[in-house]
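The data blocks that follow each hold one structure.
Each of the next two complexes has chain A plus one more chain, namely chain B in the first and chain C in the second.
Coming up: the complex of A and B.
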């Protein structure tokens, strides 16, 4: 982009994309802000005028607000821990030469292609159902009382379902990272007297740190907004009501658009707090 | 300290036998170079000695102790890799300290050894840098430093200079030679460059397709190559190997004469020919002479100031005392 002419040509050509993206982002954001200051009940009188910060106060003082923040953080944290720990282990396993490597890799990645709604339904009806589920049969086989997973261990069940979906993603990114590890480094460490465990700790894990950071950031963004898994399993009952689900309930079940919009603004703030924390903790891994 | 003995060692990758039964003894304190064309099994042999590959059959002993099934770390050998294999997330100091940390050497002793290795290798100013911030030669020295501090029974070098530019390579060659003179530790050095082999080795092992073609000091190999392969491989530029009626005159299938053992004259000589390309190196000039008696051009060394040019008619006379004769199997005729 050397000349004045090519610079302005570039600007004109980029403009449609930039305007579209801005509109896509700004219009919903501004409408959310707009509604959050209104008492707006579509089925009970429609737009009932401005109410100031009333919606914000009501949303945060509701008894379900803090539990929902807690549930969100537990789910996000639990899924991140499981996917990263097992992702690293699976990546190491899949990196070993073995028969049928290509097929196994595709199979491992497969859960990522299943739609969240479908996978949650499959888990709910085929695995976790207390009467017909596979887990129930397994428990009964060993003479134990089947657990009704989604009501007795609801948060753990949701974490399990979501982890199953996101594990392939983490494994895939970590596998590509592990493949770029110079095998001579591992051999050098072996000659230097490092045991397999300290080779993992001193060579493999530091090599993976950047990939782990990427997985952490991308998954956090998506996990903060999980919805389908909760919608088709517990409907927000048994302490699985996340912030996203709470907002959905306020807008669609209570038909209170203003209150829901205020919750949306809180969700944006929460996402940003989490993002800033993450960037602080792991962001330095992305330099260098 | 560092005598290494291989007894009928073999290595197969699946059905492919890369090293047929091989016997070799490397004496304590010796600088041994494995040299051969790429794919000749010299790196595999080094990795077998290091323990990074399992041998298929045979026996490896180090200092008289059977080391065939001893894990790499317990063999008391240190290796410098072609890619240096430095740990990129650790500083130079931590890189050098790593083997000692793994061996549980006390911190005071670690620091003492790091300081002395850094001083010996001119790395003192770089101890707190990361490998990524160093030049190729410095990285090479860190890799050597990491090997030195272990105070191993023998050093193994796997083509350590092949990633350096020509000038640095000559410098590092000298440094490694000096290191050997100072430490007097056994060193095994793998290279495909016969110049490195000739300049550094006490003993050269010439390999081809996993088979040892000849073992000897650089000058033994230069003076009396055991077969055509060694004759063609050792020496730069390579020996002229000639077949046909001219060889038959000397009762041989192939005769070999080195470029430095041929006299060039404009008036008289054994073979007549025409000068092709000439390479002027200043101190020497190498002429490629197309002779009527042979299909391939001969390489001839002459002084740096010889006034001959492309297309000149010349006569060549080989020094008959330095003529190498080989039979139809390529073996030397004494």
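Coming up: the complex of A and C.
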């Protein structure tokens, strides 16, 4: 019963949320676009006039741009690979009959609730420290030379920390999806003599494909902008300067707002490409 | 599950799952254990696991030295305030999307979601500038507003999915009985949707509590929440593992407990219902 009256009421009710989000999106976005075409140095003269696409060209041709893209891709790719592979395995394991399943779930999901600055600090000091870290003790126990993780294997260390944080998310979503799998289908396949591996490949994995895609897209969006993990551990040193961190340094550390804004526009474009795919999947689900 | 499983198989599953579960949980467990050690025991070689002199000293030292309670209070206000404000703004919006849907409802929902994808670093300076101009840099009010805006799409989305489950006839009946729109939402819809509103509240408090980009970049001394408090420990000042652990434990304990209660909502909230 959608009368004319309730329609206009609906519009008014929706207005605050829509207007706020519109403002939150448009105002900073337009300002970033504006700055990106200017030479703007807040500490050295402020607004020094229009420079066209100069900032865009300079950002891309700077010597730290491609390494930062590479670092971003390695971290995002590494974390995605680890969390999805282990997430699928863990989800299958947790779906098996066992004692104390609820407790195991609680243990596995816990890292997701740890704030990024805490997990980065705990890993950095208590595990990866080359003198007092647990890994150092472990290495010494086996007679090996302790590694100073965050400088010698910096990218791997960051990938490990971030994967630990995101594995629970991937596992929980994949577990939810796996629980909706019809077990009779698996049983029928088993009776027909399908091996566990082919049952996994032909039934479980296709069933999970949608959930895997969702995990992939959502994590990519979050991982593209990881910040605290790098801020707390290496501050962008040892080849861990991601695109996000590079932009952050341009804007806040070297106070070159024009250049940083051009970088920001690149980051926004990148994130939007991923977002479009995610929207398609979520949008399809809305019709169902 | 119709299939019978042998006890041996079940025992094996249990052993592997518990082993992996404990391995994943270990860094948290280790942090909690270390928080009860003395600084000397915290770095002893070889490390001690359980058999040490348990002490609460670190907790009182952390509180004394860095005024932990102030940061905790900031976190509570920022996470709680932004979530409650978000829910107040989102309830009417979700009501109109769920009960008076139009052709554009789906587009509006997707558009709201897309604002969430905007990388924060891309708009850091404009927000910074606006905050300075408005005089809300390093204030709790500023962070409440930003985190509310960040989480608003998730809040609207979650409430919308919960509201859709409620039969519209009940609201209509209330309207027939002469309830105004305000009364309808306040006294009929909200109580009925309470479980959904509660899960939305829980998940978004967790997300706001752990948010670490805006909280690190928009606060200094006054409004800094726990994320920034912990980050200040990143510059080492001698041996401090036990105190770092105590501080970390205090920062994550409340949210860990809330999180365990809301793990089911995590899936629906963060995947926007795309995985069931």
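Note that the second predicted complex is superposed on the first by the 268 of 288 C-alpha atoms of A that agree within 3 Å, B and C clash if a C-alpha of one lies under 4 Å from a C-alpha of the other, contacts with A are read in each partner's own complex, and residues count from 1 in each chain.
Just so it is clear, a contact is a pair of C-beta atoms (placed from the backbone, for glycine too) under 8 Å apart; a residue touches a chain by one contact, two chains touch by 3 or more.
What you are looking at is a predicted structure, and each value in this text was computed from that prediction instead of being measured.
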{"item": "Contacts of A:187 with chain B and chain C, given as first, second, both or neither", "value": "both"}
{"item": "Touching partner for A:147 - first (chain B), second (chain C), both, neither", "value": "neither"}
{"item": "Touching partner for A:203 - first (chain B), second (chain C), both, neither", "value": "first"}
{"item": "Which superposed partner A:73 touches (first chain B, second chain C, both, neither)", "value": "neither"}
{"item": "First, second, both or neither for A:13, with chain B first and chain C second", "value": "second"}
{"item": "Contacts of A:160 with chain B and chain C, given as first, second, both or neither", "value": "neither"}
{"item": "Partner chain(s) touched by A:92 [first = chain B, second = chain C, both, neither]", "value": "neither"}
{"item": "When both partners are placed on the shared chain, which of chain B and chain C touches more of chain A", "value": "C"}
{"item": "Common ground on chain A, meaning residues reached by chain C in one complex and by chain B in the other", "value": "184, 187"}
{"item": "Touch list for chain C against partner chain A, complex", "value": "1-3, 5, 9-10, 13-14, 16-18, 20-22, 24-25, 27-28, 30-31, 34, 43, 45-47, 89-90, 92-93, 95-97, 99-100, 102, 106, 108-110, 112-115, 117-130, 149, 152-153, 156, 168, 172, 181, 206, 209-210, 212-213, 216-217, 226-228, 230-231, 233-234, 236, 239, 241, 244-245, 248, 251-252, 255-256, 258-260, 263, 266-267, 270-276"}
{"item": "Residues on chain A engaged by chain B in the complex (per definition of touch)", "value": "182, 184-185, 187-195, 198, 202-203, 206-207, 209"}
{"item": "Partner chain C, residues of chain A touching it in the complex", "value": "1-2, 6-7, 9-11, 13-14, 16-18, 20-21, 24-25, 27-29, 31-32, 35, 90, 93-94, 96-101, 103-127, 132, 134, 137, 141, 164, 167-169, 172-173, 176-177, 180, 183-184, 187, 210-211, 214, 218, 221, 224-225, 227-228, 231-233, 244, 247-248, 251-252, 257, 260-261, 264-265, 267-268, 270-272, 274-275, 278-279, 281-283, 285-287"}
{"item": "Chain B residues touching chain A - in the complex, by the definition given at the top", "value": "50-52, 71-74, 77-79, 81-83, 85-89, 98-99, 102-103, 146, 150"}
